[in-house]
Amino acid sequence: MAKKEVKKIVLAYSGGLDTSIILKWLKNEYGCEVVTFSADLGQGDELEPVREKAFKTGADKVYIDDLREEFVRDFVFPMFRANAIYEGSYLLGTSIARPLIAKRQMEIAQIEGCDAVSHGATGKGNDQVRFELAYYHFNPAITVVAPWREWKLNSRQALINYAKRNDIPIPITKKRPWSSDRNLLHISFEGGILEDTWLEPPENMYVLTKSPEKAPNKPQYIEIEFEKGNAVAVDGVRMSPAELLAHLNTIGGEHGIGRVDLLENRSVGMKSRGVYETPGGTILREAHMAVEQITMDREVMHLRDSLIPRYAEMIYNGYWFSPEREMMQCMIDDSQKTVNGVARLKLYKGHVRTVGRKSESDSLFNLDFATFEKDQVYNQADAEGFIKLNSLRLRIRSLMLANKK
Amino acid sequence: MAKKEVKKIVLAYSGGLDTSIILKWLKNEYGCEVVTFSADLGQGDELEPVREKAFKTGADKVYIDDLREEFVRDFVFPMFRANAIYEGSYLLGTSIARPLIAKRQMEIAQIEGCDAVSHGATGKGNDQVRFELAYYHFNPAITVVAPWREWKLNSRQALINYAKRNDIPIPITKKRPWSSDRNLLHISFEGGILEDTWLEPPENMYVLTKSPEKAPNKPQYIEIEFEKGNAVAVDGVRMSPAELLAHLNTIGGEHGIGRVDLLENRSVGMKSRGVYETPGGTILREAHMAVEQITMDREVMHLRDSLIPRYAEMIYNGYWFSPEREMMQCMIDDSQKTVNGVARLKLYKGHVRTVGRKSESDSLFNLDFATFEKDQVYNQADAEGFIKLNSLRLRIRSLMLANKK
Amino acid sequence: MAKKEVKKIVLAYSGGLDTSIILKWLKNEYGCEVVTFSADLGQGDELEPVREKAFKTGADKVYIDDLREEFVRDFVFPMFRANAIYEGSYLLGTSIARPLIAKRQMEIAQIEGCDAVSHGATGKGNDQVRFELAYYHFNPAITVVAPWREWKLNSRQALINYAKRNDIPIPITKKRPWSSDRNLLHISFEGGILEDTWLEPPENMYVLTKSPEKAPNKPQYIEIEFEKGNAVAVDGVRMSPAELLAHLNTIGGEHGIGRVDLLENRSVGMKSRGVYETPGGTILREAHMAVEQITMDREVMHLRDSLIPRYAEMIYNGYWFSPEREMMQCMIDDSQKTVNGVARLKLYKGHVRTVGRKSESDSLFNLDFATFEKDQVYNQADAEGFIKLNSLRLRIRSLMLANKK
Amino acid sequence: MAKKEVKKIVLAYSGGLDTSIILKWLKNEYGCEVVTFSADLGQGDELEPVREKAFKTGADKVYIDDLREEFVRDFVFPMFRANAIYEGSYLLGTSIARPLIAKRQMEIAQIEGCDAVSHGATGKGNDQVRFELAYYHFNPAITVVAPWREWKLNSRQALINYAKRNDIPIPITKKRPWSSDRNLLHISFEGGILEDTWLEPPENMYVLTKSPEKAPNKPQYIEIEFEKGNAVAVDGVRMSPAELLAHLNTIGGEHGIGRVDLLENRSVGMKSRGVYETPGGTILREAHMAVEQITMDREVMHLRDSLIPRYAEMIYNGYWFSPEREMMQCMIDDSQKTVNGVARLKLYKGHVRTVGRKSESDSLFNLDFATFEKDQVYNQADAEGFIKLNSLRLRIRSLMLANKK
């Protein structure tokens, strides 16, 4: 493949060894100006030191942006309004972050007059797809440089040698035998020792959650309030989206909630094991479903539920910025107009369970039917006609089958 | 409504006060022969004493049948091959039992030459629908007598008075402030104090599970083996379907697993709170999904998952014996041909979590690609073309939108 | 069933024999005030004479409203934005009219302080369901009187006798051996001789369309322009929704377009033959699909198409005024933002066929890719990676299956 | 891209200029043995002369196989049991042929000990995907050579020059300004002048159908009989699948039936205009739907219909040999057990229309309900309970909404 021409590039930069090598490699191979961009999505690391690191490794300009509120408000919450879950288990913590990073990266590309963008995702994973689909959405003519698909640095040793040759400091901490990605919604682990799908992940891997065995011996009850499907308060205290999620992470982490071990299907066609900690998100989803139970119409719920596998697939596969996701979001958001109420949850040793739900404004349960005469709302005798007509096609079919014999 | 003519009727009879009153009421009102039928579905009660009770209350003939193996093998397992779940929470323990009771009841009706059947389900619930849709499937011309929709005994006191007048013994134990239904798959609770949807159910209500707080302080690991999507062994010991489910109930109950508190949508159109204990079923579903993770094709899984809300709805609404359920079962069963393998699970204080899965025969993960040259299976460079073409329609659309501005 | 108490009732009144008898019967049986309501939905009859007829038969007040524009704009067009079709053939001409009639009827009920409404639909058909579901939407406590389900006038002769006894004039024209319903969207025929499903309907039954054999020997070409999925002009002439549909009915009728003969499934559970003439609607749907072809994203289209059977079912079954239909409409309407363009159609002897489509603003076809370098939009080599990764899961599966042997 | 090593290759060979050049190019570039394979799928050309041509152009071995019966029986008919249609218009005539060609090609590869296969599909179209997904299904390690994605012969002139240099005879007939693909199910046209989506295709393009204007002035009636969803006889004469389809092509072509002009979405992400003639297939689909109308359960039909867009997409995108298509076929075939009956159709000037349908064994319409008492099957009064309970959730919601105000 002929090398593309690049004048100025924005690199999604974490400050770690890999993206530092990429930064230098871009300078070496493309001879272009490099703008680095680091997003604060709540990954828990201090990002400011990244600035100096980037300049030292050759960056021409450095962007560091706090995107936490935008992340939760415009990405996490819309997705949670849908109860999205991938393959029955994964709450899409990494999938939902990539489009936002790409969006901001493309804004910077425009501000800075860049003709290319780059990321550090490998050629076997989902993240390259998520980044690049979003890049192309914002500028279909952008040049994308994906070093892992281009370079020959295909082993850890080759990378380290490259770093040494290029004066990139190599962290002295031993590399952990898995890779991970963290933001306000979750932390994920994959690769390394996790590739033995039969082996339980080691306890020392977990970051956001206590072991259930070490969680408090007393359950904790919390109440979460929702307005139009969005969580707005915990135990009566209103919080911004990012504050609320961070707060639930703390509580959920304390109780060991939200660990998932999944062998999942990647968009590129292979299976891959992912282990996740999503303490706040797990609580949030349970609470949201509880409030839906009391406020959402049955047919709305069943129709919506049948579409969630497809919606989650869109997000997992990188189609956040797509007309089909937006179209489905219209439907989902319409379904949330009445999702106003409070869920009561019990947290205990790795598990969260609904124990109560109420809605003053939108309850569809046990309304005061005072305006009705007795039996006007529900007359038991009506059930006979209901059953008779619902069974009519089955009875006719049974007759037909009997006649055939 | 004119009273139907009935000569001989089969009554689904539990031996409790309500169906005893119905038995007598049928004799009094219809002047017909009454055959009672009691099914052992693993509800945990000794059924033999029911025989004497039935005769004493006026039964002309009594059937008591052990249907446990048929229940698990032909009803529970096919449903679990689909991972069926209603409204995200309910494992359909009562829904799946009704069609089997109705099936056997209709067989007895034919053996005994009955022209009618009767059941004790009320006119506001789902069970009347499930019973009667199944009855009509087997005989579209059968006469159905649903006493709760016919009689005037609309209060507890009226029932007790009726019982007293008719020499039906009234249990001295105090009635619990909820109603329940139990079988090998679950026990359900509804009504009474549960109708306050904000109130946590009392601990003394639970029957099958220990409180998580009182469950063992040490986690337990178990392994469940599947063949064609059906569980066949636990920790290496092969068991029949009913034995296996009973065994998992014991283990799961000990660890407080499978409690669910749900405000659900009934088929007759109202919301209703159901609290469930499904210890073995909860474990079984988790294990089944784990084995599917390693053996099931991605598109098969996603397509299947999109249909499960509809499949679960069919079962919940009483359409087990319907061409649409059977047609969907064909598809589900085809998807299970490769679901052969073992799941490893961790049980601890109310929660079950997958920690490993393997399949010797059908793993789609990390196969030995020895027959391939390096990079022939997966060449990272392929990802570029994959992303480029997957984004093509999005890039064209972005161009169009940009041109519009 | 105990007779309900009714003080004042609004009757959906056509002026025909049946609803005249109902008008008198309501007076006789319920002793209530009767307000009649006749809607002009473009059924082609002069409605003004109905006024006198109603008063003569005993009406206390008469409403006659021209709802044609509202009908097409707010009911027909939203449905056509979805390409809704029931069981592959029926364009829902009657189904979509009933909710509007019910809506206006309920408005009148409120204006007039009525406690009840009534309609002339029989107890075996779909229309009773459509009317009553809509009534209850607007007032869940309204009393509904459905004479055909209540009275004993179960034969034509009984009706005629009743009319004679009550001085209701009996039309001298012979009753046609089928029943029909007409509005701006279609005319339907059912019952009578049509119940022989093997017999071709007689040529003299058709009202809106010439026989294809008698249609012009020369094809006609027309162009229809759409904005946001709604037809706004024919052959360059802008028209209001009702005018446009009427115009297409004239053209389509001349060419014998839009006859459909369908054995369909009613919502009450039986099959029923319906024969339809929908000349304008048939043209409109073809044109709309043509403009979608050039302006709609692939995934949007495929997702939408998978939901249309469900959407059409909602309308057919009477759930126009339901949260699930409204929620789906949000999604459909979002998909129509870009459906701007022109379709060119050929009309000839019973058939309409697209022969061209264009969109100046929203075409996704063959854009001028001038801003791109050669091969940047589409590089044939990309297809290899696309195919390789799309086939990855299939190749892995084939390996697994081969290993099993 | 490094050239792959190839020893012996099977080429899907039509005998035309393009695949002749490919044959020679494979010899020149890969220096490998070339086996040609030509399939008779009813494309209407004499294939025997292809043998000599292949040898003259350098083939080492030649296969010519008549696959017509297999094509219709095992590919076309299963697809028609589903009423599959792509984007509302395209009957998938080319899509369904590719997997069969690939299947036979891979069988030959195994017989002949080939390590590679090749085809003449371009790098911008669907067919490369369909061929190669099927190749990989049969042998995930096969080497695929796709000359159009590899060579530099990117213009017509380059091809002709190559042919001249290599002594490949160039047809003297002028190339038509479109490309086409024909088999027993259809002929397709695309490219060239058709890329102006506003222009009507010229009348002289059509091959299988008379112009409707020149079709007979008298309609023709035909009857088609189905067993388990497969057509088995026309006008009482039983025929094999391929005979029957050929017969319907003749009749349909005479009446100008089955022309479709579609701007469709390709699997590689662009829109493309396709014009099709599918005379027999169009008749077959209409007839099949007519027999389903009288024999298929409502819920089975509606569920099936909601899945057809997805099923058609699978076939269009080349996933015939995939577990998801097979799984869906299980469901579809189960739905066809009762599809036994006869359709009566009217053919006239470009259009086919159902005018009758019957089924002696499986009709669900108007059965003789002799075993029932009057009103036992359908009691009009039942409709009230049916409507009341179906509206219950809507009434409760209306109350809630009213309370909110």
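In order of appearance the chains are A, B, C and D, and numbering begins at 1 in each one.
Following the convention adopted for this analysis, a residue touches a chain if its C-beta (ideal position, glycine included) is under 8 Å from a C-beta of that chain, and two chains touch if they have at least 3 such contacts.
Since the structure is predicted, the reported quantities are computational estimates derived from the model, not experimental observations.
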Chains contacting each of chain A and chain B, listed by label: C, D
Duplicate of the A-B contact set - from C-D, B-C or A-D, the pair where over half of the pairs recur: C-D
Selected interface, C-D versus A-C, where C-beta contact pairs are more numerous: C-D
Centroid spacing, where centroids are CA-atom means, of chain A and chain C in whole angstrom: 42
Separation of mean Cα positions, chain D and chain C [Å, integer]: 32
Junction residues of chain A - those touching two or more other chains: 140, 265, 268-270, 297-299, 310, 319, 322-323, 364, 371, 377-378, 381, 383-384, 386, 389-393, 395-397, 399
Chain B to chain C touching residues, read off their complex: 297-299, 338, 361-364, 367, 369, 371, 377-379, 381-386, 388-390, 392-393, 395-397, 399-400, 403-404
Touch list for chain C against partner chain D, complex: 1, 83, 87-89, 122-124, 128-129, 132-133, 136-140, 146, 148-149, 195, 197-201, 212-213, 217, 219, 259-265, 268-271, 273, 289-290, 293-294, 298, 301-302, 305-307, 309-310, 313, 319, 321-323, 344, 346, 348-351, 353-358, 364-366, 378, 380-381, 383-384, 386-387, 390-391, 394-399
Residue numbers on chain D that touch chain B, as the complex places them: 140-141, 265, 268-270, 297, 299-300, 303-304, 310, 319, 322-324, 326-328, 330-331, 333-335, 371-372, 376-377, 389-393, 396
